[in-house]
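Structure record follows, encoded as structure tokens.
The letters A, B, C, D, E, F, G, H, I and J name the chains in turn, as written, and every chain counts its residues from 1.
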Amino acid sequence: MLFHIRMDVHLPENMPSETAARIKAEEKAYFQTLQQSGKWRHIWRIAGQYSNISIFDVADNEELHRILSSLPLFPHMQIEVTALCRHPSSLHADDR
Amino acid sequence: MLFHIRMDVHLPENMPSETAARIKAEEKAYFQTLQQSGKWRHIWRIAGQYSNISIFDVADNEELHRILSSLPLFPHMQIEVTALCRHPSSLHADDR
Amino acid sequence: MLFHIRMDVHLPENMPSETAARIKAEEKAYFQTLQQSGKWRHIWRIAGQYSNISIFDVADNEELHRILSSLPLFPHMQIEVTALCRHPSSLHADDR
Amino acid sequence: MLFHIRMDVHLPENMPSETAARIKAEEKAYFQTLQQSGKWRHIWRIAGQYSNISIFDVADNEELHRILSSLPLFPHMQIEVTALCRHPSSLHADDR
Amino acid sequence: MLFHIRMDVHLPENMPSETAARIKAEEKAYFQTLQQSGKWRHIWRIAGQYSNISIFDVADNEELHRILSSLPLFPHMQIEVTALCRHPSSLHADDR
Amino acid sequence: MLFHIRMDVHLPENMPSETAARIKAEEKAYFQTLQQSGKWRHIWRIAGQYSNISIFDVADNEELHRILSSLPLFPHMQIEVTALCRHPSSLHADDR
Amino acid sequence: MLFHIRMDVHLPENMPSETAARIKAEEKAYFQTLQQSGKWRHIWRIAGQYSNISIFDVADNEELHRILSSLPLFPHMQIEVTALCRHPSSLHADDR
Amino acid sequence: MLFHIRMDVHLPENMPSETAARIKAEEKAYFQTLQQSGKWRHIWRIAGQYSNISIFDVADNEELHRILSSLPLFPHMQIEVTALCRHPSSLHADDR
Amino acid sequence: MLFHIRMDVHLPENMPSETAARIKAEEKAYFQTLQQSGKWRHIWRIAGQYSNISIFDVADNEELHRILSSLPLFPHMQIEVTALCRHPSSLHADDR
Amino acid sequence: MLFHIRMDVHLPENMPSETAARIKAEEKAYFQTLQQSGKWRHIWRIAGQYSNISIFDVADNEELHRILSSLPLFPHMQIEVTALCRHPSSLHADDR
């Protein structure tokens, strides 16, 4: 089941740079595990922003929440969730 | 070059249903040509809305505008454009 | 899978009252079928508005979209969709 | 009398984790007492947010305010209140 | 039970002036009945707007919705509802 | 002359609780003096918020500003001012 | 007593040009009477908009509403009212 | 050339009161110099807000920016700029 | 003097296509005269919108308003005006 | 390829003035390199704001993001990106 997710990251100004670097490294590792499993199907950087737009392919709302709330950056992100469906005009049987 | 596009369709309430059907058929045909060429790379329906979220892969801003402004539904859509980049953490060399 | 749906109805001012009455009757019949099947689990009127807040319990995003876009009032409603999960603190095993 | 409540939690970034854990435990205990009494009739987590949507069934506005302003997380939440009514189309005599 | 209600009136530009006059006369008569019964406890005009701010004193949400949705101007108004409580600092035992 | 005032209180998270208690006590005392004089004609708590809606009856804009800017909580409140008039349909000669 | 008023004019697209011309002429005549009396103390056009910003000097809220709601363009304007006071730093005893 | 300026002041909560008093005194002195020169033509306090609405009469955009960005309170204000013109209906040859 | 102008065009849905074509031709001719005179210094199309962003170089606010309000599309555009200055860091003596 | 960029700078209130001066000097040097290369084609100050409006002329979205995210002020700016095209009515073959 597909979801469109936008994440905007706002690190606190007084966070020590080592802490920030550690959290970002954990985030990247966790992201890549999810990307390899196919759950985090697409990710793009928004030009000029510390933000991404992603497509998740998960079993249900519960799994989506479990993944998002486990992100190391979760406490420092604003997250926007939009439920998606396959589009009826699409010619690609596998457009996910 | 990648762009994230959201389209919200608002047909005028007094548009005859045959006119609406014809415009939608033209839109679908035009869309499928673009999908096959790879310009209109992804499309998803937003659940519960007469709206889609799409990813375009075009040469430049000019081509993006030429495609969008030629859509048969263009006069009846609100369109939101966001410039995307490849995400530095992505493991997929071809994530478009 | 649970979704929180808000629907705000805006009938066109020049819609004949018989047309409005017919559409509302169709909407009610369709709603009651869905309520009996358990898909449309809860519905409440918002005090002072021609609006409702509902809880849907559906198989997936596709089914949600199929139901919503088939509502007789669909062309005349603004719809807001929010994906829900079971709350971890709830004592009710069946809180849907 | 039914109210639709949305709560968005924003803990201060510098709150010690023990303090946060203690407040959340108090909140959970208080919530479960209210859930058992039937005052806090439904609760759902919003997918991807530290937020919930709830239905309260209280005697009047005064009781609603007394309950909400006594929540241990009250100083750290944004709360949105919407007054609800039974929906005239509902087949469920007890839809609360 | 007290509610704060703001009503903004938007009559359609093509409504014949006799129709407008008739609806306003019906609204006024209905209002005055409710004012005399004590249900519509206060009403003020907002300076420079075709809008009012009112205080309703009703049995419950159901009665509030029944009154508001029966207003002759209901189809032509935007209505905003806010649930009120007695303020703990007030010295007036009867401040409604 | 009547004004509709909404006050939303936001105390700084690091304000010592004794300071908060002192300011609230001063606010309450000042409020009650104004209530007895008839200047602060009505006050209601908004259910679920640390906010009130009030009606002031003052000589002019100058007096309104003098009173509001002297409130002990003034530096910690967001204030919204709306000028009111007697409503032409009101049957109560003294509806203030 | 001073008020800051912003007026944005939106004439209906299908209004005959003679009707528009007549209403504007009436508006201008009414405006000039008020300007001469000192009630409509200042008026400026907003560059690039069919809008003005004005300062009114009236006896009270009632007079302000009576003047604004009598404007020939009143049904076609969005009006924003802000109550003003003399500024304590001003050196001009007569800054109105 | 005329500009409409709205300034909303937000002093940091932890600014020492002597610092605040000094900045305000500097602001007042600077304001009065500009008022006497005719550059800062009008100023009014917004009732109930720590805000003012002003009319500037300057040579061009450059001078406007130079004045505003030199205000002692500039780092603590939100400023809104609107370009004004003489209104064609005005009878006052010198309405500035 | 420089101004940043954004124009969003909304032609009425029922405008005959010949009328639209005529107005656009008049707009284009008028635009080109202004472009040649240097008043309308830059113009760009916003990708995916029937909108442009322009830079005007005019004598003062009056001239800006005279030009904008004379545009054949003026009644069908939403216009946003922002006053600009030369930027102090610019190396280009003639950056307009 | 052209982009319209608006940057609003918000330095933290507790940033030491030497730090602020150093970052601004780095920003200015970096800006001037980009201006000389033609990538940062235009820059204007917004009158009355610590903000600029700029036109970038870059190879693609990737280059735009690389430049913007390398700005010394990037962590302290809100950035808004709009993709531009040459306007079809322009007489200037080189209007960038």
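To be clear about the criterion, a residue touches a chain if its C-beta (ideal position, glycine included) is under 8 Å from a C-beta of that chain, and two chains touch if they have at least 3 such contacts.
Since the structure is predicted, the reported quantities are computational estimates derived from the model, not experimental observations.
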I need the common contact partners of subunit B and subunit I, sorted by label. J
So which of B-C, G-H or D-E matches B-I, with over half of the contact pairs the same residue numbers? B-C
From the centre of subunit I, which chain's CA centre is farthest? D
For the interfaces G-H and B-C, which has the higher count of C-beta pairs in contact? G-H
Interface composition of copies subunit D and subunit E: same or different, split at half: same
Whole-Å distance, C-alpha centre of subunit F to that of subunit G, is 29
Mean-CA-position distance for subunit F and subunit C (Å): 40
Report, in whole Å, the distance between the mean C-alpha point of subunit A and the mean C-alpha point of subunit E. 46
Return the residues of subunit H touching two or more other chains; collapse runs of consecutive numbers into ranges. 2, 45, 47-48, 61, 64-65, 81-86
Would you mind giving me the full set of chain pairs in touch? A-B, A-C, A-D, A-J, B-C, B-I, B-J, C-D, C-E, D-E, D-F, E-F, E-G, F-G, F-H, G-H, G-I, H-I, H-J, I-J
Contact set on subunit D toward subunit A in their complex: 13, 45, 47-50
Provide the residue numbers of subunit J that touch subunit A in the complex, in ascending order. 5, 12, 61, 64-65, 68-69, 75, 79-81
Residue numbers of subunit G touching subunit F in their complex, please. 1-3, 60-62, 64-65, 81-86
Which residues, counting only subunit G, touch subunit H once they are in their complex? 2, 4, 28, 31-32, 35-36, 42-48, 52-53, 55, 82-92, 95
